[in-house]
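For reference, the structure is listed below as structure tokens.
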């Protein structure tokens, strides 16, 4: 459609190295091509790089974009810049990571991150059975600024596992003795490995590892391997990228909550196109304050009471 | 005391030059005249580069770039680095370097925020406290450099870590939300206040940055303190002997630098709306980059503070221009890297021939 | 040529000292003897600090810390910084600095990975290509410093950005998965191979780091090239006049530094299993920190490369020790900051009195 | 000029001590300068000459001992203190900032401020006044024709620099002028120019302390010669009654003087 | 020593030119050194003396002109080239690395390697051999009793350093030894020691080029005096037939020589 040619959208991700965001970008690019609109993609240098995202938002405003898709690194701090964009008439959609407050964006297309955490928590608890009472858990979180996605997954996991989360808006304030400790990973391999090592040194008997995402899980696995613990520790994660699902197949990760970034990207681009055409705003999922793009637990060792799909099914749905 | 001997060496060289000058050819070529002009006006090279890059991106991008809106957006995007670069310039003029600028900036902004929200101190008082903390950090740097005679690079490498750790520990990594600040202590966001003239949008922070740099330029040129800063950067031993209180001047420079960084922290709240202890991580490298591209010598005593404003703007023009072109952000870094090396190579060339 | 005059100055001072020594009291106090010992063995201070911190954390944490397991874990955690610090030490011994070490490391590791997976080149060849790229980056730095006579700080500030941008642009930000590497080109993970002796776990990377530093220590002490590196760092002009090919030696130092960084890139793949273009962001500052704590003078020509190993280990001991104590990670940075300043203050003290 | 032992000295040092670590640079040193005279200070390298004049000019604070100016004890803690008291020094290294202008250098540490608000509150320099003063002083001394009083010192020749340094001292030094090796490393012609400058200053009645290794210069100019050895004054000799080789013999310890004031 | 104009010179320079930007440091300069002689080179500051000897010793590559050693043209591109040809230089700045040992400094740039595998492949230095050689050479010259041949040069006194520099030159200089202002900034006693050293080296038959501003030293030691002015050789004089003031008058242009070889 020719009238779409001057419509443009922006995609701003946390980094452009995490395969999740690489896929998200590809998905958005493809959707944009199909719709006949222009897409400009920007990213922070590292997970947590807030200023670069602000600069990118401003660039999108200057560029006369119709809307912005953003996975925010600092979910509170980004709000001012987002408000500025909305005031300038742009549609702002949070992808993957809700803003704080969530209604600072016009819409949010995301995994239900709390549910994603809860699923792997429930699965891990059921997997251990009786032993869950004596578990030794390592929590590999994202970053010290505790962005919403970080808190939701962590607290979801603990809830699913049956641990009191104290303040649900904050990780690290729990006092359950089963938690060996929290450490941050920046959501990448290097951080995952060092954090895992630190926690192992604290307590070599760790047998459950929660990880914020699959790159961090991969790093944690390297650490466990170097300590000869790769076979007797349960790693759970979130993402469901093809490499991650392959890791589940290989028994490296016990279970992972699969997200659908291509869906987020596609929906986001479509929503912007729609908005540019007639000003329609996207709707939320029934009963939620965001549009839930869905989450499925991927494992080959299903447990009672927790819905899951097989690795084979997971591989069909996976991305990257 | 390398400065002592540098001076000696220079004077010996000068003397030699004179004795031989008698039989050397003296008519300057046009190229030499250009070099001379560049030598006496150190901010000229970055200014030319700045204008050239605006013209090039303007040609490539048309009105998307060459509009009051986009051009003033650049000002907004460089304001933090620009303010910090002013602080960095002062320190570098004394032949020092300050790696802790970013940490002082964030720590000060966190103090402003936490004092308001944790202790319920009124906004203006909290801001004053933040400015005082920045100045105190600068004092610590200055004291270690001037009194303990430790190398600035190492001192500020150390205090960088110390201030940043203090910032995280004190703030408990807590972001203070823009909405809360707006409700309780809007003065914290003062530097973010906007006004527009035509399509051009200015913020208080941008006005502050420009005023600050013009003001510092004036002070450096028209007050005794300013002359002393240049003198001690040029040759600390000579300055001391000719009556400059080197230690006091040095400490005052680091304190002023700390204060300016605290203002940058205030401006940072205005820019991002919230108080975020994780911001400004790269401010030290970015400010040094601006200063270097701006033509201030890392060896001290030479260069104009206007240059670092131009340096910061050049980086801003490249960043926005390339982003608008849809180029991968990495190209910006690539070109900035090339620009840094080119800037110092040109500088070397100017010095060599006009020496 | 400040080195020239430094030399002049030193020789004049020495002469003066002699003339007056005749009527000065010469018996050294015990304190002076300690200072002398520290002066002639520059790695002694960091070694003492290292041992002391192991003892303190051992006392606080008992066997959790004071076990072969935990102690060798520290070695694993510092291996990358340790290897990069070896490269950094060489450059700093020549009175230079290399801000691009981290960028060279990542770029090399990405080349190793992409050459294998994008072009299907066999692992060992791809590794060799990665090592060659690292060396070439070092050559560019060395050429700009030695031939173009640009200041190392600025050159490597520029190439840092250039190499890092190249890395991102070339890799298209693609991470290569550990399992794929294991299947296709396990040699890329060679440095991660581990073996244990008792509870102590060693990796090839750790062994490489230690061998590298011992080897470089030997080369610096027992070959002409090593003596030339010290000589030119001490006084480049004097070294040139007394027959050292300063430019060639300088370039060779930067090339070797690049090569070592490429090895660090290889070791990085071993450590994180995968090839990730975002790793090693802080390697430059961490390596400089290790070198400074290790007692190598930023002014060149003085210090022992063993010192930087100790420096890296001190940082590692503090990081793990404080984590195990349950302290916030930020305390590590705080103490490292204090340590940096303390290290240089002690260094200054040693020089002053034994001068 | 007579060797005025009976007159009151203008500047004296008594029992001055200065240690640098294990080095004793001044070892209970005495010193006297009389009005209107050129006093040369000679001595071997490292004998402590520069340290002595630094102690007299506030650049070094002695560990012990007393300095008196016109009979009154003074305690200089910086070169500026001595300057305010009218003692000006041209140091061995000239102490100029190469990148700054002649005017800036002449006024370094004692800049003039504009009158009124701009001076008091903005602390603005009074450039025109400073420039005029600098130009006048250079002319007064018949020094040289410097084109542009605002040119950077680094663009001057060595001789011109030395001239500016001496002019600075002469312009502000109302009581005593101290010159540390003003001709070292200078060519023959340029040395001559500086020597004439010194005589010129003396003819205006200001006493001068001249440190030099150059015996012919010392014997040509000085009224009295203070011989410094091993951190203290060995003796003071009259150049008219002593040969250069005597002086060198004293300096090096080859010959021992009978009394401190050989010529008194 | 006779002024051997008839003998073949050992080292000659013809029409040497060296420009630094707009400064012409060597302006078609000629130079001759004869076997066994001490040739002094004198001239005002900046006349180009140091540049001349740098051109002869490979530290500077002349823009034009020719250098011949024993009649054969040579093209030195680094100090090491000149060294290999047997020309050793003690530069004005001594050119030593303060933090390194006496041995390291003596062998800088021409280190000895261990025989066999360790030398060839590991490139290991032969420290014992180097130390023995260094000690022998210092003793040979009856130089001084240095306790520890491995002590850092920065721990030596100025006189000792100068000694080491001269010893290095004497040890390796088989054809020519060049000394640039070896006594500048040295005390009287120490200067004397260095002068004796020079005579000592000459007595072993090696010709010496001596640059100095110190006329008494020049006239005491030199067989011939090369007067350098404005970048070239103005004349060569015999110190036995000329006074110091003649020499200074030539140097400064106050007097013009009749022929280039006044004494030839």
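Each chain gets a letter, A, B, C, D and E, in the order it is written, and its residues are counted from 1.
What we mean here is this: a contact is a pair of C-beta atoms (placed from the backbone, for glycine too) under 8 Å apart; a residue touches a chain by one contact, two chains touch by 3 or more.
As the structure is a prediction and not an experimental result, all values here were calculated from the model.
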{"item": "Intersection of the contact lists for subunit A and subunit B", "value": "C"}
{"item": "Subunit B onto subunit C, rotation angle from CA fit, given as a multiple of 5 degrees", "value": "180"}
{"item": "Farthest chain relative to subunit B (centres taken as mean CA coordinates)", "value": "E"}
{"item": "Chain of greatest Cα-centre distance to subunit D", "value": "A"}
{"item": "Interchain centroid distance [CA atoms averaged], subunit B/subunit E, Å", "value": "49"}
{"item": "Chain centre separation (subunit C, subunit E; CA means) in Å", "value": "41"}
{"item": "Subunit A and subunit E, separation of their C-alpha mean positions in angstrom", "value": "74"}
{"item": "Distance between the centres, which are taken as Cα means, of subunit C and subunit B, whole angstrom", "value": "29"}
{"item": "Multi-chain contact sites of subunit D, meaning residues that touch two or more partners", "value": "44-46, 158, 185-187, 190"}
{"item": "Interface hub residues of subunit C, defined as touching at least two other chains", "value": "4, 8, 12, 15-19, 21, 168"}
{"item": "Sequence positions of subunit A contacting 2 or more other chains", "value": "none"}
{"item": "Of all residues in subunit C, those that touch subunit A in their complex", "value": "64-65, 69-70, 73, 76-77, 168, 173-175, 177-179, 192, 194, 201, 203, 268, 271-274, 276-281, 320, 323-324, 326, 329"}
{"item": "Of subunit B, residues touching subunit C in the complex", "value": "1-2, 4-6, 8-9, 144, 148-151, 153-155, 157-162, 164-166, 168-169, 285, 288-289, 292, 298, 328, 330-334, 336-341, 344-345, 348"}
{"item": "Partner subunit B, residues of subunit A touching it in the complex", "value": "40, 42-43, 48-52, 54-56, 58-59, 61-64, 74, 76-77, 79-81, 83, 100-101, 143-146"}
{"item": "Touching residues on subunit E, where the partner in the complex is subunit C", "value": "59, 78-80, 83, 89, 91, 93-100, 104-105, 108-111, 113, 122-125, 127, 154, 156-161, 185-187, 190"}
{"item": "Footprint of subunit E on subunit C - complex, ascending", "value": "4, 7-8, 10-12, 14-19, 21, 222-225, 227-228, 230-231, 234-235, 237-245, 301-302"}
